[in-house]
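Order as written gives the chain letters A, B, C and D; numbering starts at 1 within each chain.
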Amino acid sequence: MATRSYRLIISCPDKVGIVAAVSNFIAGEGGLISEANHYLDPDTSWFFTRQVIDASTLPYDIDEFRRRFSAIAADFSMEWRVRDTDIPYRVLLMASKQAHCLSDILYRWRSKEMTFEIPAVICNHDELRGYVEWHGLPFHHIPSGDKKDHFRAVGKLFEEISPDVIVLARYMQILPPKICAQYAGQIINIHHSFLPAFAGARPYHQAAERGVKLIGATCHYVTDELDAGPIIDQDVARISHHDSIDDMVRIGKDIEKIVLARGLRYHLEDRVLIHGNKTIVFE
Amino acid sequence: MATRSYRLIISCPDKVGIVAAVSNFIAGEGGLISEANHYLDPDTSWFFTRQVIDASTLPYDIDEFRRRFSAIAADFSMEWRVRDTDIPYRVLLMASKQAHCLSDILYRWRSKEMTFEIPAVICNHDELRGYVEWHGLPFHHIPSGDKKDHFRAVGKLFEEISPDVIVLARYMQILPPKICAQYAGQIINIHHSFLPAFAGARPYHQAAERGVKLIGATCHYVTDELDAGPIIDQDVARISHHDSIDDMVRIGKDIEKIVLARGLRYHLEDRVLIHGNKTIVFE
Amino acid sequence: MATRSYRLIISCPDKVGIVAAVSNFIAGEGGLISEANHYLDPDTSWFFTRQVIDASTLPYDIDEFRRRFSAIAADFSMEWRVRDTDIPYRVLLMASKQAHCLSDILYRWRSKEMTFEIPAVICNHDELRGYVEWHGLPFHHIPSGDKKDHFRAVGKLFEEISPDVIVLARYMQILPPKICAQYAGQIINIHHSFLPAFAGARPYHQAAERGVKLIGATCHYVTDELDAGPIIDQDVARISHHDSIDDMVRIGKDIEKIVLARGLRYHLEDRVLIHGNKTIVFE
Amino acid sequence: MATRSYRLIISCPDKVGIVAAVSNFIAGEGGLISEANHYLDPDTSWFFTRQVIDASTLPYDIDEFRRRFSAIAADFSMEWRVRDTDIPYRVLLMASKQAHCLSDILYRWRSKEMTFEIPAVICNHDELRGYVEWHGLPFHHIPSGDKKDHFRAVGKLFEEISPDVIVLARYMQILPPKICAQYAGQIINIHHSFLPAFAGARPYHQAAERGVKLIGATCHYVTDELDAGPIIDQDVARISHHDSIDDMVRIGKDIEKIVLARGLRYHLEDRVLIHGNKTIVFE
């Protein structure tokens, strides 16, 4: 249904003429821009843009695009990438025992609501195997009793599979700093609180203890500091005094699913640009 | 606090090279773009853009900008306007007896949360005179007992004042088609329902009758069809079986205020482009 | 995890002493009330209550409860029922081709987020068979090419299965009035708009046409008037000019799932009391 | 418009027969209950109820009610109070320079949206005097240059006025522990963050620093621990990368107003029961 496009993502120091240079380049060969977003961060004078170009309107392929665009990119000291929407992202999923986030992502994948490939699902428990395998997907059970063994095996699988994105769909293990660093900007986590409130373990218990009137969930990139990476999306739901911790868990699951799905979609559509510890999300 | 800017608003048939032409023009004289939004409507192949240019980076004034830009505008058959943010909009306010929307707008005006001028407040009742005059604003009481007389007087005041924007802050009268046509795209109304549900009179009574679980408010441009003009913004609030119509009115007032303020702000910042009976809102 | 309880649901004309009579009866035998809600409708002077009694604190079973309570019920002309939470509701699911609502309910069932039995799933297409049967549930494909045949077969299955609740999880067929009447208050539908706006076919197309800024979903009991039965729950999500109809469908699916699940849970927990064409929902 | 009522607020250890005893007492003299809420806290086995009795249906006045009810209250070791809705609460308002919360409360007061008396407004700056005095209300400017002098004067005014409720409508000063203790459960503050995130100074700056996607406000009772008292209500609004701190302040103001007004209304309608560091809010 979707048109084949090239998505051009750029960030660079602000300067007069960036947009003119980029749009001249694209228009020069007849390229039609179907979507364009710009953002100039006033604090750092850094410029960000995402442009979607109808691939069929360009007379060359993406490699030639890259070759030709390099000159402009160099002129403006751009960090940039261009992606062909015909090549789907490969998304490795990690979970534990709880099925709600994993089921939700699998539904969106099998119903083609979002387009991506799933090279593998890794869990530290075996409960979800049947459900995952029904989808015809490879399931890896890597127990986490011995953390060192667990992460050695996980790291090895990551290297073999070389995924574009790793989604921690309530995986409940803290990845070692080395893995966080190696896959910086590629690992997406869902945390079951409205961060920075209630980071760490048992956030619904913390929320009950404090007596808050809203609970939330946060989708963020993983860094080596726990629950402190750049936030992609957040949402909340109202609770009241008569909601027990079990009620919070139930209500929270729906927010977690929605927020993770939204964050993942933004990432897959190249709408998220990381800037320090924050994100620009071109919705 | 805000930098003097020129806001350039364009809509035209889509064509390769529009953005390149516009951004070349701006960059050609050293103009710095601080904000830019684009939208291509796929159904009508119509292109919309809003660009904010730092006025101090251009070597000429707005009249010269208009003169020079005309050539490009003609090439692409643009409907366009450019506005100097140093010249505030003149906003005529109309209300009846209920103070919530009018008070809210007056607060935002006197606290400088939004920048605009108020040449006059017109009411068909006299209750709000004291409050309006405390602000040092001219108050016109035009009774609506005789509709014909009322609208003759209203129309005359409009001509004398020649406002940029007319806000119906719960004015509760239906403007005659002639006035709607004359000020098309300039009259903003707040309707106390989630349109298209419950158009017309007593929407909260209609909502209670139907047993809905959310009530809403809609900010829209006025056309000669009642409550059917292009929608700028909407919002809702949750109600329950124990909320009486009085409760709905109370809860609804807060939504009305927020939605009207948001819609007015979008308009004053030139973020709203009307396209047929819909709006593009560059938030 | 949940304590076995008796849920006592009463509606009757208001009169001094109802609560006293009911609570005396329960306390008289040592019954502990863990949850209680009351509502007095001021327009009709009708009184509603839902009381949850810890079954283990009563010295008799539910049949004896019924026998003994009848006298009080007669005194106050009550419509009433009492339900043993150890006997789960039997919920028949109906769908078409779209899986989102059905998948969502099946997830909540298999994860025991909600407790109920599923005696059958009926679809007018065969696409969802594999997914349903993986859950070990009986799947009935009843084609709807010939409406008369379809509803004869559907009606026959209803009679055989005699479900407590029928959920139309995007079933997309209009049930004949006879079935609506026979199962009044037992059939729950999810409509993909914020009713009463956009009743009937293709609500997202209607929403796009009108240019609304929020889309919604409504969970309601089915009556013989299309999309006009008592509303149980509703919710909305924000959209903008750049959301196509496909985007609305995608965004809307998440609201549909949440609203249907919430409405079904309220029903299964006996929190919904129908009063004319409205509902009292004791959240 | 509202019927004169007695609001009976009770909390006590749970025991079979509380509701029966209370409702027998009320029904015994023909009292009609127009609203009733119950809550049993499962963790502490503590029971809470709020009952609204139509005053005209009782054959005695509130003092006689108090005398007669004392016996039951003693039997069940109740903490309780009963309030005559004809005697409005006296609410002392405190603010600084910023007008948004104060203006909002004054609007709700002068429009009779909420019924209460304002014996005084205290500010540590003089800017808001004109606006307050236009309402015919006594304005006290108590500078806060010398904290000790400030709080001595504030404490003295509190003693003279003896308010039922003190509202800190963005007062921006930290009350000394002695005052917090003396008026425990009577001082309502609005904090401009979603607590417990971003307690203390400059919460919008903290929010910008962390890159959150929602900002919030919290209405809570003041205790001697800063921003840590029992929460009455909270709400949030969505922001994005293009919202500056000034935008957050503007967006946040609307949430602050709504949340403070809601919290204050709950308090004035005796809907809030404090239980340790949490609240039960019978909405």
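Remarks
Note that in this section a residue touches a chain if its C-beta (ideal position, glycine included) is under 8 Å from a C-beta of that chain, and two chains touch if they have at least 3 such contacts.
For clarity, every value in this text was computed on a predicted model and none was experimentally measured.
Averaging Cα atoms per chain gives one point for each, and the point farthest from that of subunit C is the centre of B.
The pair with more inter-chain C-beta contacts, choosing from A-D and A-C, is A-D. Mean C-alpha positions place subunit A and subunit D at a centre distance of 42 Å. Separation between the centroids of subunit A and subunit C, computed from CA atoms only, is 36 Å. Listed for subunit A are residues 35, 42, 242, each touching two or more other chains.
By the touch criterion given at the top, residues 39, 41-42, 194-198, 210-214, 216, 230-236, 240-242, 244, 275, 277-281, 283 of subunit B touch subunit C in their complex. Subunit B meets subunit A in the complex at residues 14, 16-17, 19-20, 23-24, 26-28, 30-38, 40, 42, 57. Across the interface of their complex, subunit C is touched by residues 1, 35, 99-100, 103-104, 107, 111, 113, 134, 242, 246, 250, 253-254, 258, 261 of subunit A.
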